[in-house]
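Have a look at these structures, which come just after this line.
Below, subunit A partners subunit B and then partners subunit C, in two separate complexes.
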Partner chain A sequence: MTQAGGGILKRAALWRIALLVVAVGGLELLCLTGRIDRLTMQPPHRILVDMVALLAGGQLNTAIAKTLGNAALAFVIAMVVGVTVAVVLHYFRSLRHTLDPLFATYYAIPMFAFYPLLIVLFGLGDTPQIFIGAMLAVVAVIVNTLNGLDRIPRVLLKTARVNQLSAWETATQVMLPCATPYILTGAKLAVAYSLIGIIGAEFIMSTGGMGYEISFAYTNFDNAKMYPLILLILAVSIAINTLLARWEKVLMARRGLS
Partner chain B sequence: MTMRATTAMPSVATAARAQVQVSLRAVDKEFNRTGRGGEAIHALGPIDLELRQGEFFAVVGPSGCGKSTLLELVAGLSTATRGEVAFEGRPIKGRIPDGVGVVFQEDASFPWLSVRDNIAFGLRRMKIDPRERERRIDSALAMMGLTAFAQSYPAQLSGGMRQRVCIARTLVTEPRLILLDEPFGALDQQTRLLMGDEVLNLWRKTGATVFLITHALDEAAMLADRIGVMSARPGRLIDIIETGWSRDRDSRIVQEEAFGAITARLWRSLRSESLKSIGKPEAGP
Partner chain C sequence: MRGWGNTLKLVVLLLVVWQLMAWFVGDVALRTPLQTVVFTAKLVATPVFWGHFAETAQAFGMALLLAVAIGLSLGFLLGLNRFASEVLEPLLVAVYSIPKITLYPILLLSFGLGIASKVAFGTIHGVIPITLFTLGAVRAVRPVFIKTGRVMGLGTGHMIATILLPAAMPEIFTGLRVGFSLTLIGTLLGEMFASQRGLGFLLMNAIGLHNVDLIMALTFLLVLFAGSASSLLLYLNRRLYERA
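Here is the complex of A and B:
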């Protein structure tokens, strides 16, 4: 990375922090001065204190574990299925041309509308929620992986052939490592989508999980529980994305692309 | 160092007695053009050629004459439309034969692997003892002057060093035939001369046959025992020049009078074909 490039990134990070401080500070001010009443929203410092208290109290640990566990499962399913489907589509061009328009319009489908159908198919357990989480995340993985596979230099594929690699070895030892930065972009989106999918499904119809707890708190005007849970989801999502972004940065730096 | 440039030198005579390693018999290559009624493009041939065991053979020709296509046929990366390509007596039918290594013009180093892992990549499918594997990697690193950069990533190296990584990756497999597709095309003239010395060293040490595709007449004249001159598309061999250099040559031969004579002869053979390739008829003397 050049010094100029590093300077730009540092400035961007400072601006990001400044914007966050202004937004949170503004919200705090509006809440403390009563412009936003307490029944509508808690001041940000209160949300943070409540979140720590919730975590320390442990009464929501089961719900948190259920949601994060299901989201992790949905994420893993989306990654495995997404990357595999992308590799297959990359090999079979005509199939890809057939499916491309569907990927472009996929996110217009109201996935949660299928929840009742999924309950009929998979029962009342966690499976329909995990299915929705995975379905929401999978296309982001497919599209980004395909983007990476399209950018593999032909000479690397020729090198794989010269080294007598099979199709499986070419995919796992050349194509996927080469496309990793793009797969990570898909993974970052998949984290958010799988969380949205699980929490959204719990929100609609579930007897547990963070989505259910948020929904329950929402209908009971229990701001001391609802906002801290939302903050916790945000914190988890940001933490995972930051880790993935750091990994991506290391990979890009190795390739002289950061 | 001894250098000669007539057509019947000892090294050539020795090579002539040597075993034929690669043979091309009436080889033609056509490409189907889609969207124009299936009309085929005749890219190459007919070509008849024999590469002798241990010789350094270069091919020069105008742009688009099918030099790289010819290399891909010998490498098994492509299949001939007609005719037969054979390596050590066995026909190559679009399958990469064992004992063949290829170095491409473009940077083919894997950016996610360190230099050492890049070189080790060539050995992944070879069932060899781990100690022998490490010995080969260390030896290739040393031969290419990359020992100090073993843990570096390709992005941290210059273009010439990355090309050396690719050569080292080919070298560890101990190929009997090394195919070089304009490997120095992206390098500056001085680096090309020095890389040429390294390739000559490598050729002497390994005893492998080297088949070099290049657009640089001076590179072919300096490196090769024999130089095949190709016509404009469809590429055919219109001349084969024996340089007569001794095996212990290096880049200093560019100062020799004979070097100039070889380069001039190459250009005489090539000029009209190069003009054809850019759509211009040959002017008078």
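Here is the complex of A and C:
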């Protein structure tokens, strides 16, 4: 049964690759025959060549470092704040119930609408972008951490009490380790959200970073720069997400949760 | 009704935080809730606002219609075909997690600077969650229901209308709820980045003019609309789950 299931998965993966190859090949053909003109899109092989040239040339290094650095900072802030808030909310039930409707509708709110306000507040530096990234990511961390804390077996908490651990020790030695797989799910979402937040903010209005470079290249019809950058961002975010998903699966399997 | 009490408490809490922040930050960057509401009332009375509102509403409506139509049909198609869903689901999940705003220049180049690219951008935000939730919901329908339908000789159309849709309704509605929010976010983002009309454009314009009143009023209106629409959908969604 599992063998047949594995066979199907393998066949599906092959089909998926074939589908991607056909799609990229089709684009290549459309571009080369001139159905899609050069001003709209470069042929895929050109994009790849340009991307390698851009990366090797190093003129994008500052933009890449800025975007990834800011995203990493937003991610760290979201994780620290999110886990702390979740532990606190886990203690204060009534506050948690009050905030529940906020968490439930949080991702329906267009967070980027706050970006103009943040620019007015913090100026047009890195701060409003990091703020948006952290703001987008933090609720995913809170919700998933709370979910993990809710699932801690009673007996572990009782053991902690029997051993007279303080609240701090209970949180760091029992609760958080126990909730790790769920926190990791939150972390996975937080990575995606902080990248989306940073790049989106750079896109709308900023003075540097990958999102800014794309929008700058777009306004100058500089397709030789725009498409490689888009491809780079897509590749980076898909790679990060795939890696985290793998790791999460391993952790979940170790706990027998998958 | 503890749910309503909590919502009320939350609204009061948010208003207090807003007021405190306005006092703390000062007049340069923030307005108090009262000032914002007064300015919003004035804004809503001007015809210019309604012009931009109509543009956004039209783009959002079309994007939502497309996202729902494409998402539902794709979801049912893949949900009923195990192999096709194995092939395509990982691709959809990967696309779901990328910062879609990077794709916007491509859409602008292919659809031009106008309502079409906004609609397309809103649609690609909303269509994937609707597809994924519908796919999952259809696949999770109890096999005995489908077998019963097959024994009774139902065609595909009948099968969807009388068995799959009712059985999978709560999860499909969850997908529609998420799709609704994301389509709205996508449409507004599109207007903020490159557009000459619509509420997103008005918001970007307000930053250029450093019009804090306008920024606050528009943000307030957008958050109010998104928040209440999503709360309503969430409420309906919970009713559906309770009934199921």
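In this text, the second predicted complex is superposed on the first by the 211 of 258 C-alpha atoms of A that agree within 3 Å, B and C clash if a C-alpha of one lies under 4 Å from a C-alpha of the other, contacts with A are read in each partner's own complex, and residues count from 1 in each chain.
By our rule, a residue touches a chain if its C-beta (ideal position, glycine included) is under 8 Å from a C-beta of that chain, and two chains touch if they have at least 3 such contacts.
The structure presented is a predicted model; accordingly, all values stated were derived computationally and were not measured.
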item: Superposed partners subunit B and subunit C on subunit A - clash or fit; value: fit
item: Residue contacts with subunit A in the superposition, subunit B compared against subunit C; value: C
item: Superposed arrangement, angle subtended at the Cα centre of subunit A by subunit B and subunit C, nearest 10 degrees; value: 100
item: Subunit B versus subunit C as contact partner of A:Ile204, first or second or both or neither; value: second
item: Partner chain(s) touched by A:Val155 [first = subunit B, second = subunit C, both, neither]; value: first
item: Partner chain(s) touched by A:Thr180 [first = subunit B, second = subunit C, both, neither]; value: first
item: Touched partner set for A:Tyr107, first subunit B, second subunit C, both or neither; value: second
item: Partner chain in contact with A:Ser237 - subunit B first, subunit C second, else both or neither; value: second
item: Distance in angstrom between the closest Cα atoms of subunit C and subunit B, superposition on A; value: 14
item: Subunit A positions touched by subunit B in one structure and by subunit C in the second; value: none
item: Of subunit A, residues touching subunit C in the complex; value: 8-9, 11-12, 15-16, 19-20, 39-41, 97-102, 104-105, 107-114, 116-117, 119-121, 192, 195-196, 199-200, 203-205, 211, 214-215, 217-218, 226, 229-230, 233-234, 237-238, 241-242
item: Of subunit A, residues touching subunit B in the complex; value: 153, 155-156, 158-159, 161-165, 173-174, 177-178, 180, 251, 254-257
item: In the complex with subunit A, residue positions of subunit B that touch it; value: 75, 77, 96, 98, 100-102, 104, 106-108, 110-113, 121-122, 124-125, 153, 155-156
item: Parts of subunit C lying in touch with subunit A, wherever the complex brings them together; value: 2-3, 6-7, 9-10, 13-14, 25, 28-30, 83, 86-88, 90-91, 94, 97-106, 108-110, 178, 180-181, 184-185, 188-189, 192-193, 203-204, 206-207, 210, 212, 215-216, 218-219, 222-223, 226-227, 229-231, 234
